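Notes follow the structure.
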Amino acid sequence: MDSTDAVPAVPAASAVPAPILAARGVSKVYGGQRGLGVRALADVDVSIAEGATVGIVGESGSGKSTLARLLMALETPTTGEIRYRGEVVSGLPERRLRSFRRRVQIVFQDPMSSLDPRMRVHDILAEPLRALDAGDERTRVPELLDAVGLPRTSARLYPHEFSGGQRQRIAIARALGPMPEVLVADEPVSALDVSVRAQILNLLKRLIGEFSLTLVFISHDMAVVRHLCDEVVVLYRGEIVETGETDQIYARPRHEYTRALLAAVPALGHLPTPPGGAAA
Amino acid sequence: MSIGGDPVAAAVAAPISDGPAGAPAGTARLSVAWRRARHSPSLLIGGTIVAIMVLMAILSFVWTPYNPLGIAPQIALHGPSSAHLLGTDQYGRDVLSRLIAGARITIYAGVVSVLIAGLIGIPAGLFAAQRGGLLDEAIMRTGDVIYGFPALLAAITLSAALGASTTVAMIAIGIAYIPVFARVTRGSALAVLSSDFVLAARAYGRRPFAVLRRHVLPNIAAILIVQASLLFSVAILAETALDFLGLGTPPPTASWGQMIGTAQNYLAEDPMLAVWPGIAIFLAVLGFNLLGDGLREVLDPRLRQ
Amino acid sequence: MSALLQALRRLLILIASLFAASVLVFLVLAVLPGSPAQVILGTQATPASVAALTAKLGLDKPLWQQYADWVGGLLTGHLGISYISGQPIWAQLSAALQVTVPLILMGLAVGVLIAVPLGMISALRADRPSGALVSALSQVGIAIPTFVGGILLIIVFAVTVHLLPSGGFVTWQQSPVQAFRSLILPAIALGVVEGAILSRFVRASILEVLRSDYYRTARAKGLRPLQALRRHGTRNALIPVVTVFGLEMAGLIVGAIVVENVFTLPGVGTMLLQAVDNRDLLLVQDVVIGVSAVVLLLNFLVDLSYRLLDPRVGSRP
Amino acid sequence: MSTLSVRNLTVTLGAAVVVDGVSFDLEPGQRLGIIGESGSGKTVTALAVMGLLAPSLRATGQVLIGDRDLLAMTERQRCEVRGGTMAMVFQEPMTALNPTMRVGRQIAEAIRAHQRCTRAEARQRATELLARVEFTDPARQARSYPHQLSGGQRQRVMLAMAIACDPAVILADEPTTALDVTVQAQMLALMARLVTEENAALVLISHDLAVVSGMCERVMVMYGGHVVESGNTAQVLAAPRHPYTAGLLATSAAVSLDSDRTRLEVPYIPGQVPAVGSFPAGCPFRSRCDRATAECAVMPPIEAVGDHLAACHHPLGGPASPQIPASPQIPADLAESGKE
């Protein structure tokens, strides 16, 4: 790892490895000064170990996307803090976040809106490199295109000349540009056609290995999270209701909501079970 | 015509300013835009009219059939002839020459007011969108106050205070339309700023100013160009009306509005004296409106399909 | 609750706008070179008589006090005395309003009569040549300035066929018919452009309804096209149209100033322009602030009605 | 006689064919699922059946309700069918409801479009319908505006409107796509119950194989405007004949709650979904199909293969196990993606 960054020494005695990225007692309230605001997250603790693949699952209004933005230090938590390798990053001014930005990157859900329609692919991929002094764009851009399985000639084209799946590859390539340690993926396959989804999942899985990525995967899709992640955090109305290893949670969900969520997943050949039985 | 102009400007602002946020505008590349342009009659007609007007204005500096200010009482109020294609006015001045020279004032008026409105309105709108919060509120409410005040009335008041002058009138019109530009800019900038690619840019450390320059401006440029074109026609309406009322360009400088104002006294003798400049104004306004509509058709992706 | 707060907010903005407008108008006219007294008395006047008149007009007081006197007068209904005619401004104004108010209302009627059918036809037939033609017509209408339209009307109806008066005004008291006749051409000149502009909005908002998902839902229920448009379109299409309507009124009011000049009608506009010519500054101040107040008030009312029409406004969490 | 019988339905947009020769029959109480991705033509098919296509789209073929052809009817006659015999539920419940009208009135309107009754009666019926779609306080909730309801509630309002006049056929276009999983499960259960109670035929359009398979006894798979496979749901799932269906199925099965989650590479369909109008001529799937040959330049007819229908020159033969290549070479040929 790059040692220019203020990386605190891992306590020697500690048996558990220090988390690479962690949220400590994080709450987020949107709008409203006099307690009128909307509470998106309440007192959330998340700890992501280096090399882990963590799924954050929840439905709309669960606060999962808010959590993603907080982990990215794109927003400041109302209370609590975000730490990267032990250093607080939440609430820091942008100029002090440069090394953090290089190490933590994000991929968004909608590949239509996540690429600037006025920029060629080359510029889209080069922008992070320029902004973060993260390498020579002339060599890095072709490498990145190779990594996500797009032809190098794509660099000359504009986003609208690609299909949804290809655009998502571009977005992933952009995130990989600064050689991050952590990749936050906010519903990266939800907007894609079914027949293309598997390609992107395979790509993500391959890249995690190739780039030794720590993955924070945010999704409403229980099946996809199960496929990709070793650990799961279940969010419900801004609170964590359950967290643990994937196999355990899917086999023996302890919280009622987790059970409802799993039962509601449609499976081939039979109707899903709505929460609380057949009739609500 | 409402030279109060407000409705026209609103016609301009409404469809794009507070439209549904979402698709950031202008995904078209130039080549695509050009291919579409050839299929937009509005753009072709409007563009042609505007081009002719601009050429006329430039031409008038070097050549007009006669001196537009040259008085010749002996041929006053002569109708069209081979020597004077559109006839002469009450001082015997050549009407065609005065029409060509008048284009200058019209273009000048448009440029001054669009520049004032744009140069102040666009940064104000960008700033408001970027910062949000109290600053946004302050900028937009100030805009509301200015916007509520009828532009033409402002121009009349200023003329009363400072005397008739094209520049004074156009500054008043320009100021009055700062809020229009600010609103359109803010609305479309907000749509861009809320897109994931801006969030991504922040995630790789682009500062607010760089985001505005690299992402927001290129994406809203098309909308602003459309806006400028439509505002140009509003400015022309306002300027010619002020000239007509005798509150704008003072004589003897040739201006279309003022030509109509004077011709009104000679309607019985030669009604065409009022008709020629009327047609000129009509075409100018039509030209810029069509140009604006056409540009919008070609550049605004939301109107596609 | 929050809807009420919103309304209060708008009211505050209205008051702030009025205050700002009054200060601006006052300052712009107060910093004029040359004293009004000098203008009234002419260049031959002795300094003593000018000073006497200045004192009489209250123009020797500090600026803030002049402003306070003026606004105080306005609020209590005392518009003051015209510098030039020596008449109470209110008397002059009320005579002028008898021309201007009917003119604006007639112009409005012409505008609406043009806008609604034109807008509907061009929206409903958007894909057909007839719709495109109507659209083009409105584009042409917008580009005819009121004063050009007015003069064309004079040329056609007054100079050529002598059907209607080309200008001037007989008071309502003398002859209601004559008075009405002399307002017909001005009202048309005024209304055509406003109608053309408004028709574009009617068209746009009807098109938006026709393309909406809820219109499709209504059609899926089995409503016929016009039935679905009437039930689901009227209110939804009205929302954007009402917003413009306020601006339309502003356009009509300001347009009236020009039209009165074209048709030499003794209305508020003519009065204002004469006052500007004569440097009758108090009159200019009064008229300008009066017109602004009406326009601002209209915008405020439109904003309120807009909130009434759209249940979503002000109730969002 | 079939309740609804669609014969060779073809929809064109200018020169482009958006839906090509779709045919199916529905008996009372039958449920048909239409599976497709973006550009498959599934939504356009539903709108064409309802006669609600945008003016720029043209439909040919036959849509038979009993013995009457909807496409040949006058607009007035079609209005009687729409909402009466046939009703539709749309994908986006937020935009599909009029934002400025109380939901009770919107339901009442559906009733009064087809039944002679007073306003009060219609209002009463609307409240009853809200109760049937499981609103807890129907009398009060009937007075809500759409923005005051949750997504699931709005979609239930749409459903109430659809069943208002006891339709023989209900078309539901991605009715649960905009909803959360738990809400989707509720909605599907409710739809299943109501359709049974009404003995209505259901056409359920979805991109989700699992959703359709749980709801419908028959399934029709669309790709690029064509029906590529159709038949009994269980039979299609057990032995898909068209490579596209097989690919979809393999993908879905590999990422599910009971798949082997340790596998590094799941089966996938190579390439991208082309944009509408850019599908290859002939078999629309041939640009992404590993079985494609020169023969595929001609669209194969849909015909019996095994126990159901498929439109493929080289249908998969064996039972179940689809043969999807597991090569790691993904890249889609950009030229094939179809855009300029």
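Labels A, B, C and D are assigned to the chains in the order they are written; within every chain, residues are numbered from 1.
Everything that follows uses one rule, which is that a residue touches a chain if its C-beta (ideal position, glycine included) is under 8 Å from a C-beta of that chain, and two chains touch if they have at least 3 such contacts.
Predicted model, so just to flag it, every value in this text is computed and none were measured.
Trainee: Can you list every chain in contact with both subunit C and subunit D?
Mentor: A chain counts here if it touches both subunit C and subunit D, and no chain qualifies.
Trainee: Figure out the least number of contact steps between subunit B and subunit D, where 1 means they touch directly.
Mentor: So the least number of steps between the two chains is 2.
Trainee: Of the pairs A-D and A-B, which shows more C-beta pairs in contact?
Mentor: A-D
Trainee: Report, in whole Å, the distance between the mean C-alpha point of subunit A and the mean C-alpha point of subunit C.
Mentor: Measuring from centre to centre gives 56 Å for this pair.
Trainee: Return the distance between the CA-based centres of subunit A and subunit D, expressed in whole Å.
Mentor: 32
Trainee: Between subunit A and subunit B, what is the gap in Å from one C-alpha centre to the other?
Mentor: 48
Trainee: What's the distance between the Cα centroids of subunit B and subunit C, rounded to whole Å?
Mentor: 21
Trainee: Among the residues of subunit B, which ones contact at least 2 other chains?
Mentor: none
Trainee: Which residue numbers or ranges of subunit C touch two or more of the other chains?
Mentor: Expected reply: no residues.
Trainee: Can you list the subunit D residues in contact with two or more other chains?
Mentor: Residues of subunit D never touch two or more of the other chains.
Trainee: Looking only at which chains touch which, which shape fits best: line, ring, star, complete or other?
Mentor: If you draw each chain as a dot and join those that touch, you get a single closed ring.
Trainee: What are the touching chain pairs in this one?
Mentor: A-B, A-D, B-C, C-D
Trainee: Using the touch rule from the top, collect the residues of subunit C that touch subunit D in their complex.
Mentor: Interface residues on subunit C, with respect to subunit D: 127, 212-214, 216-225, 231-232, 235-236, 239, 309-312, 315-316.
Trainee: Note which residues of subunit A are touching subunit B in the complex, please.
Mentor: Those in contact with subunit B are residues 69, 72, 74, 94, 97-98, 101, 105-106, 108-110, 112-119, 127-128, 131-132, 158-160, 171, 174-175, 177-178.
Trainee: Enumerate the contact residues on subunit D facing subunit C in the complex.
Mentor: 50, 52, 55-56, 75-76, 79-84, 87-88, 90, 92, 95-101, 106, 109-110, 113-114, 145, 147-148, 158, 161, 164-165
Trainee: Enumerate the contact residues on subunit C facing subunit B in the complex.
Mentor: 13-14, 16-17, 20-21, 24-25, 28-29, 31-32, 139-140, 142-149, 151-152, 154-155, 159, 166, 193-194, 197-198, 200-201, 204, 240, 243-244, 247-248, 250-255, 257-258, 261-262, 272-273, 275-276, 279, 281, 284, 288, 291-292, 295-296, 299
Trainee: Any idea which subunit D residues touch subunit A in the complex?
Mentor: Touching subunit A from subunit D are residues 37-38, 134, 151, 180-186, 188-190, 192-193, 207-211, 213-215, 234, 237, 244, 247-249, 251-259, 261, 264-270, 272-275, 288, 328, 330-332, 334, 337, 339-340.
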